[in-house]
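Read through the structures below before going on.
Two complexes, one shared chain (chain A), two partners (chain B, chain C).
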Partner chain A sequence: MPDLIQLAQALVNGVGVGLVYGLVGIGFCVIYNASGIVNFAQGVFVMLGGMLAHTLLTRAGLPMPVAAVLATVIVAAIGVAIQLLVVSPMWQRGTSMFAIILATLAVQIMIERITILSLGDQPRTYDNFTPGGPLRLGPITIDYQLFWVLGGGALMVAALWLFFTRTRIGRALRACSQNAEAAALLGIPVGRMLLLSFALSAALGSAAGILITPTQYTAYSIDGPFGVNGFIAAIIGGFGSAPGALAGGILLGAAQAVAVVLFGAGYRNVAALVIMLLVLLLFPSGVFNATRSKA
Partner chain B sequence: MTGAQWPTEGPNKDQVKEMYMSLKTTLLATAIALAATAQAARAEDSFKIGSALGLTGYAATGDRNWRDGLQLAADALNAKGGILGRKVEIIVEDNRSQPQDAVVAYRKMLSSDQVNAFDSGCVSAGNMAAASFVARAQVPMLLCSILPQKPEEQAWAFSFLPPPTFEIDARYGYLRDRTQIRKVGLLIDPTPYSQLMKGFATRLAPQYGLEIVAEETYKPDDSDVNVQLGRMNAAGAGAVVKLGQGGSTVTVAKNIRQLGLDKMVLMASTDDGGIFKSASEVLGDRFYFIGSAVQFGDAGPSEKAANADKSNGAAKAAIDAFLTPWVAKYGDRDTGQASRAYDSVMLLAKAATAANSVAGPAIKDAIERVGAYNGAGAVYDFSDKQHVGITKNPYFVGQFVNGRPTVSK
Partner chain C sequence: MLGVGLLGFVMLNGGYLVTVLGLAAIYGVFCTGLNLFMGYTGQASFGQSAFAAVGGYGTAILCAGHGWDPVAGLVVSMAIAGLLALVVGYPVMRLRGHYLAMATFALGLIVYELSVEWSGLTQGYMGYAGIPPLGFAGHELGTERAQLGALVAIMLFGVWLAERMKSSRFGRALRAIAGSEPAAMALGIPVSRYKLAAFVVAAVYASAAGSLFAHFIGFISPEVFGVPMVVLSFTMLYLGGIGTIWGPVMGAVIASLLPELFRGLKEMQDIAYSVVLILMLIFVPGGLAGLLRRLARKPT
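== the complex of A and B ==
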């Protein structure tokens, strides 16, 4: 019988990490919806967000809010560059989707190497945004940074919802996801929408990286685990559904935490992969899409 | 008009074909001979040291230092004419910290590069995976990692890593002599080195009056170890003895603070100074690490050398010989692994020179006969029965004081 306090503590932390998975998952969805491309360089944006924020904090001496905003803008620009230099030329030549997806994988490896050469291979971290803590609720402790992760995540999801439902550009992006050809016939510049999706997706990943770094470390190599877990989160939620990806991420983070408590640390990834397989077998269009369609 | 008469009967078709084939064969043979000569000349010109390193993946920080230590030694040797008049060439292959990639890297360096010796990084599983065919090829393996497991493989391998028990001795000794902590938790990663340390850590604890109250595992890329730390705390552990390297040390430090474990201390495994510094910034004086003399002090080579052993002039000279060019080239980058990499190449050079040969078996035998060798990172004493070179514990327990690594008093 597991210790209930440990279980509760693990769930608290699992939800925090899961929210970051969810944000990465939304990044996958934004690009996928606009283009059908699964961008395997998504985890790189998380890594770059943390690494650049740290660099701007420590080397340039900028205050955290400025460093965070600047890092996000730079990463969004990197996202745009990937689209312009790699995806767009292949897209315009009618290259198969499979080749474009492989190209994003190559981009991930290339950016990892560039990061090692330019920023170094050392793991690094920075302080919580709010000093002090943790908050103690009886035997359960909640790190202050977790509130920043939760609050920042909620804010980004709300902003995304408003963007997609209340703005012309957001609606245009949704139109592209429904039917790109029809959207083009209606005068929506599909190419620019694709560019925007990469910028948005990179910014989301970067923000996730900036938020999570104070709770662990960042290094050139963290993109892999975050990319994979974000991808699984997107699958759980039904690839393409932003709210589904967010919920999928939280579910995944919580499930991994419970697996560690019940079975040990070695089962963290096993839990993630079992959940993904179950979802693919039982709910091919995602848990939340399936629930919604049944309702 | 008279003139030279062209033969009225030229060679027939078969003769032309035969001549063409003959010419083609001759050209091909010449090309092969030239290529072989060129390759032989290249081989004659250089002494090749192959190195399988985790330049990416969990071992990257340490293995990059290992690579730079090798190159520093090669540069120093080449400035003095190389090894037996041959230029020392370091051939590096990235094994991505994965055993399967290490096997590919070793095979490539054996067959394509035809290296004279290997001097590889700290990915123990990778070195072990390649050890059998490297031993069959009779090429010596100098390693940052532990030795492979089979005796016939160990015969060709030489470890420049302090035995895992030294790490445990240093930390347990400190806990016993300098603290009131008697209950410890072990946090173990799945690498062979850590698993080996785990065995020592469990067996040695009673000898130091310590009780292991929890043994928890983690993976180097885990985003948190809160559950494991919570269990250790519930079991009454006052110290976490971490058996494993990499950025996870920073995560563990962060998690200790996040869980509000205000009295728990963290004692890290041997690793890179940059990681120690990051973890120290999180936990302050509750973070301890182990390092050799060359890693302590910050005023310059001489002060670091003085930390080693004031009575040992040879050790001081060795540290100075390594640190002066290292600091000039890399500033305050960590020296723990780089110094041992440097030592390994210097010892290899000494052995090859003594053997007056670049053949694998001769070098292997010569390494076993070098005897006690004062290096920058430690003293090494290999023999035919002793392939773990470091026999005297080189570790000190340290902390960061005012941002500088300092031996903890």
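== the complex of A and C ==
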């Protein structure tokens, strides 16, 4: 029987991972809202963020802040490339949605394999952003990096909120999500907005990956779990709602942590997937849907 | 014609290509089932690998673990897969679009994780070895060529069955659903029941493919039924032509021979499959079957 301290410790760590799920979930929403496209390759951005930051740190010897910014810019560019080379040609030809989802899945496999070939298949990690720690609260320890994750996550969410509500471009993006045709008639360049949405969600995923890597590890294969869990976060929040996805991610991270304590580490993904199926079947429009409108 | 020639050539020469064509026939079965659900009914399942895993592990456990006859193992596994599809499909088939895609994808991932974790049943990462070759009532098909013959016969039977289904009342109802669900409903077609039926049939095909794979190779592990299997089968489906009778088989044969052209790293093969799939999706969504039809129709 697991004791309460173990459970509390698991919850603390689960919230950190859950925040990353939430950020990935927001990434899904940003693209979906702008275009109605679901990009299955969302987890790739998390993986690439961590892997590139590690490579820039160790091989190029760059300081952490520079490596983080550079990695995020590169990943955003990859997001744009995916949109330009794969998604956009299909979108313009009016290809069915399943085919587009399939294509993004193929992109994910492709990027995974290229990562193995160029950076190797070994898992890796790097140091916390600030040395020292962990913080001890009685029997519970809190890794310093967790504060970076929480702080970074909060900052990004705040920045996103300001972007979507206060800037012209952000409002234009929201207009596209409400009615793309009407937005085009109003002179909003819908195609360019779609590009922007891919860049934005790639950058979000990358930043999340860079923040979380010191607390665990990164490898070519983490994109699948992060992508799926991010998607689940988005579903819990009612697909398309950014705050919902964030809350959904934190809920999911906590639930997963509890499941690991109760059933063992091997069942963390099974637990998440079962949660998703339940949510899909019982609350098809999200768990907190009654209270909030689209962001 | 070309297929018969290729088969004859390989049968005479034997060698490594027998294995390649055998796998192509197995994938042909898998894709023919998937085609019923995706091509005719216009739905999507990203989790058919789950049912192939049911077939593969069912066969491994029953035949290698308990000494069952291969045919009995095959049929019982197919029944289990069909039942599972019925139970899971009943709620899941109510979903549409990306929800359906992700729910089925999750199904595949859950079965994958279970096959890794439930090692008491599946022997985990180590995989299940020592599965006997195909046979009936104590007679094993000793040579690889005899097995290839059996696999091709089974595949042709599967295709024939699919063809019969396509032009039956059932198949016409499925195609009506693909055209427009509200219209199909207005015509009095019980849409959700037919979707579920197509899902179950596809699952039974996938399970049969999984069983055949287990017998043919003699060894299975969780990796066999992972996400790359899903992408590979979609590549075959779109390469050959989705929604046509022979497209899935054509795609399976071509995609199986493709890596023989540029043997090399496993990673390069996966990249090649992905690139081919993406290019097909963008430029030739009808696949080779669609392309051939377009060429045939063009007045010369």
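By our rule, the second predicted complex is superposed on the first by the 285 of 295 C-alpha atoms of A that agree within 3 Å, B and C clash if a C-alpha of one lies under 4 Å from a C-alpha of the other, contacts with A are read in each partner's own complex, and residues count from 1 in each chain.
Just so we're on the same page, a residue touches a chain if its C-beta (ideal position, glycine included) is under 8 Å from a C-beta of that chain, and two chains touch if they have at least 3 such contacts.
Just so it is clear, the model here is predicted, and its values are computed rather than measured.
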Side-by-side fit of chain B and chain C on chain A, or clash: clash
Touched partner set for A:A257, first chain B, second chain C, both or neither: first
Touched partner set for A:T141, first chain B, second chain C, both or neither: first
Partner chain in contact with A:N13 - chain B first, chain C second, else both or neither: first
Touched partner set for A:A77, first chain B, second chain C, both or neither: neither
Chain B versus chain C as contact partner of A:G266, first or second or both or neither: both
Partner chain(s) touched by A:P123 [first = chain B, second = chain C, both, neither]: first
Contacts of A:I222 with chain B and chain C, given as first, second, both or neither: first
Contacts of A:R93 with chain B and chain C, given as first, second, both or neither: second
Superposition clash, chain B against chain C - the stretch among 4-12, 40-48, 130-138 or 166-174 that is involved: 130-138
Contacts on chain A seen with chain B and repeated with chain C across the two complexes: 113, 116, 224, 266, 269
Interface residues, chain C side, partner chain A - complex: 38, 44, 46, 91-92, 94-95, 97-99, 101-103, 105-107, 109-110, 113-114, 116-117, 227-228, 230-231, 234-235, 238, 265, 267-268, 270-271, 273-275, 277-278, 281-282, 285
Complex interface listing, chain A residues touching chain C: 38, 40, 86, 89-90, 93, 95, 97-99, 101-103, 105-107, 109-110, 113-114, 116-117, 224, 228, 231, 235, 239, 266-267, 269-270, 273-274, 276-277, 280-281, 284
Of all residues in chain A, those that touch chain B in their complex: 3, 5-6, 9-10, 13, 17, 112-113, 116, 121-125, 133-134, 136, 141, 143, 145, 212, 214-217, 219-222, 224-225, 257, 260-261, 264-266, 268-269
Residues of chain B touching chain A in the complex: 56-58, 60-61, 64, 190, 216-219, 221-228, 230-231, 234, 246-247, 250-251, 254, 257-260, 272, 274-275, 278, 281-282
